[in-house]
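Would you mind keeping the following structure in view while I ask a few things?
To keep things simple, chains are lettered A, B, C and D as they appear, and every chain counts its residues starting from 1.
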Amino acid sequence: MATTSFRLRNCEFKNRVFAASGTYGYGDEIVDLADPSRLGAIVTKSLSLKPRAGNPPVRIVETTGGVLNSIGLANIGVHSFLEEKLPHLRSMNTAVIANIAAGTVDEYCEVLRILDDQEGIDGFEINVSCPNVREGGLSFGTDRAAIADITRRLRPMTKRPLIIKLTPNVSHIAEFARAVEAEGADAVSVMNTLIGMAVDVNTRKPILSTITGGLSGPAIKPIAIAKVYETARAVKIPVIGLGGIVNTTDALEFLIAGASAVQVGTVNFVDPSAGIKIADGINRYCDEHGIDDVARLVGSLDAGTGISVVDSWL
Amino acid sequence: MATTSFRLRNCEFKNRVFAASGTYGYGDEIVDLADPSRLGAIVTKSLSLKPRAGNPPVRIVETTGGVLNSIGLANIGVHSFLEEKLPHLRSMNTAVIANIAAGTVDEYCEVLRILDDQEGIDGFEINVSCPNVREGGLSFGTDRAAIADITRRLRPMTKRPLIIKLTPNVSHIAEFARAVEAEGADAVSVMNTLIGMAVDVNTRKPILSTITGGLSGPAIKPIAIAKVYETARAVKIPVIGLGGIVNTTDALEFLIAGASAVQVGTVNFVDPSAGIKIADGINRYCDEHGIDDVARLVGSLDAGTGISVVDSWL
Amino acid sequence: MMIEVCPVGEVRTAGDGIFILRFRSPRIATTIRAGQFLNIRASEGIDPLLRRPFSAYWTDKTDVEIVFHVVGRGTALLQGKRPGETIDVLGPAGTPFGKDNSPFDTAVLIGGGLGVAPLPILTRELAVAGTPVVSFLGGRSRGYIVRDHLENLHVATDDGSEGFHGTVVALAERSLTTTSFGRVKLFACGPMPMLRAVAVLARKNGMPCEVSLEGPMGCGIGICQGCPVELAGEEKKYALMCKEGPTFDIRTIRI
Amino acid sequence: MMIEVCPVGEVRTAGDGIFILRFRSPRIATTIRAGQFLNIRASEGIDPLLRRPFSAYWTDKTDVEIVFHVVGRGTALLQGKRPGETIDVLGPAGTPFGKDNSPFDTAVLIGGGLGVAPLPILTRELAVAGTPVVSFLGGRSRGYIVRDHLENLHVATDDGSEGFHGTVVALAERSLTTTSFGRVKLFACGPMPMLRAVAVLARKNGMPCEVSLEGPMGCGIGICQGCPVELAGEEKKYALMCKEGPTFDIRTIRI
């Protein structure tokens, strides 16, 4: 069997398939339905300093091959997380990446400081790309100086892996990846959701309470793969790829295009064991293709003489 | 029956449903299958000064709810268009919008000059947003100064409507719309395709010869509606909405979100009469809802107290 | 809660555009309680992508039934299922009726349209507990009344084609004022305007009341935060419909 | 060319994972010619989104048949069609065999796998014209050989389970060197490596040769420019497979 493990700084993941933030809760609702220990990591729902009630309904609408959401970072807050969720999460026998969201740079620092004291947190993913809240989120994510600044401030605060989760809602995502790489980020997650909107034509109202929301699911997969390809060619740090992965083939596409690991999101709503099936599927693929380490797949794209439009701005 | 006509400068369209560039040919292959005279306009395949062979195969791949294409602006060139295609197009009894693509600003001007002399061309759509060619296309489309410059140069050359077709592959599309509005564009088309990519996991090669391509079809509809919403709030000139429209409800969503007219693209490959069905469907909706002019639908979204993330950068 | 691929027994017509789908799952059949739901994958592909929630409508020892209107792609696919084909079912999901423990003498069940769905099993549970049940069911017209398994049923239709000509809440209210049921508890499921009217009725009469809500869901198991129900109280707070609901004590929520 | 919603007659097995679907369309049945294809919408929804191209395999006065392998979602849906259900068919699409007018005495038909699809109707057309036909059909193994409606058939299999043990082009070449067919014209359809071998054979023997190509298509009617076939010649130029093909005189293209 192929080697599946993946190392980021001082953290070793057992495989390269993680559960994406906001799509796996804190692992506790899932345990009846799937075995989280078979994933490389669980990325928690975004944690903020204070609990957040989230946006009013409607928060979810299905579109063709996708889901628009406007959750608004509803979460129990970092303190309740430590008390109520972390002990259980730690028992799940897989790496835990705490995803952090905040409205100010200071708040990112504060949440990270609180979490970094704890046993059982293996790394951090910084969400600077939520399109469904007004303060923070996307207003940072589309500002290169802001995300560089956040990275610069957070970097010295932890020895654990620091992953910045980028938004696709920018012209050239590679520039954002370079900016955080320069400030010492260990990896980037590509990508968060795309801004989208749906209208109820009978009431002539937006379906989501925040008018626009974030689009995820298989519909966005080709876009996410292109963003991963662009980013992986621009930076040396690992790119964690996500966006629309529902099966093994999807995950392989991301790895081959340049992702060092993948996350599965929306598909968990349909099949909470999708990530496990994908991890198994990658192993099978490696066996069938005589590949001894999943790492050899990463960025193994044979582009021949092809040149992409994204190459022109790299 | 509701009034359906729509005016742009000196051109009156019989209704607000157009066929999108590159998805209806020059109308001639379609006539057996659908009646183009029932559309508001036909937007031609992008025309360039010289004929273009286009990109090597593979040029098309289906993704979830979408199509990735890398046609590379294959077209017969403006001169052959005038000789071989325009006479037939003119006989189709609907407005003809010539879509122009070019690698340099001078070339845009030259093609427009050649076309502007002709009877039977009712307006121009300027494609500054093709993601599948290296020169021109997206390298203009993601550069605000460049598209302002193109508009400034083209504007005095024609009395006909001048529409700039924008790319969604930017952080804030509204800024681009404002830039061309300031230079006298009569309308903007929102949007061209999103950059996407697909990998053949067996050969580990990109499926498209240009690695990345442009994503269209229902998968991108929510993104397109959000871009239309953003743009329509930022400019006073009409926004022509497109991206993933396959049925009447889709088209109504665009109109309500702010589009003054819509274009149907990819769906023509499946059902060349989709545009006609949609035009009829909009009429039916207006009748059922007691709306006497489709214009009243445009931008009629009742957003209540909702505030979108895009509002924060408008 | 589990995910199970279940063979379909039959799909039969139960009214105008209304169907009952029966599938086999001894596990769900023997454990599901009134008010809980099933989150069903209508397609193996991606159209539709998400699961679709349906109340458990009826069970025997081995089989489970849901009742549904065909309103879109998911329900159309379910309607088209043939015996022997399978469906992928997540459940039992949500929490059952019983949020409120006030003692009562008579259970008054009020259903609007397919809001009837959770009431048959509730009727059975109440019967087991020996509680008298009176039921009120409303619909657009006769063809929308799905009446099986209910007790002491009174029908209201919008068009007067059967029973009381008017809303089901008006019918229930009339009945409650003219008949003596002792201490009444209301159980209601149906469209939002109906539930609001039920809430008013409950408040006016000081009756305990539980409702079962419907609304968009992403996951059905509490991981997406997609199904907020606003809680009563000063502070803006939400419960999750899929996990803390779909049944709620009406005093605890704002609808 | 038209779009027509056609009732399905039957779907029957024709080999390992190979099926023949028959549908009713007197219009297509009476007008379609060998080498032309049908662009079929497998789902009313969006999964799959695009139509799927299939060669016309056989026709009678009223019905049309296609033969196909189940390789993905579209073909799986077609395989699942039941009699009386309908499919949405665009056609006849493309141009038939007959790109090259060189005179010949014998038509040699070479099919690889489901490249057999256009050959039965071609055989019939040649018979009507009184042209002698010899056919060569290759496949992975016996279960992949769809042999109906062919004349003077010689089979080759990769595993030797039937006929010649080797490639169909090797078999045809052997036959062509040992038998005298007069002036031969080749007609071939199959995977690209096979067609390349056929091209070599044709060139070596100075035989006219037409092939029918397969490849990704967007629209099937010439409006998307999605199906380029590189033309022979100095300058880089493409023909459209769906409109100028799928049949080509092999000397005119680069494969």
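One rule holds for everything that comes next: a residue touches a chain if its C-beta (ideal position, glycine included) is under 8 Å from a C-beta of that chain, and two chains touch if they have at least 3 such contacts.
These numbers come from a predicted model, not from an experiment.
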Using the touch definition from the top, list the chains contacting both chain B and chain C. A, D
A-C or C-D: which has the larger count of contacting C-beta pairs? A-C
Return the distance between the CA-based centres of chain B and chain D, expressed in whole Å. 36
Where the CA atoms of chain A average out and where those of chain B average out, how many Å apart are those spots? 33
Taking the mean of the C-alpha atoms as each chain's centre, how many Å separate chain C from chain D? 55
Where chain A touches two or more other chains at once, by residue number: 64-66, 218
Please set out, as single numbers or ranges, the residues of chain D touching at least two other chains. 46-47
Interface with chain B, chain A side, in the complex: residues 63-66, 68, 131-134, 137-139, 142, 169-172, 194-199, 201, 203-206, 208-212, 215, 218-223, 225-226, 229, 244, 249, 252-253, 256-257, 285, 300-304, 306-313
In the complex, the residues of chain C that touch chain D are 43, 45-47, 73
Footprint of chain A on chain C - complex, ascending: 1-3, 41, 46-51, 90, 215-230, 235-238, 243
Give the list of chain B residues in touch with chain D in this complex. 22-25, 29-30, 32-33, 45, 53-62, 64-67, 69, 71, 74-75, 217-218, 246, 266, 268-273
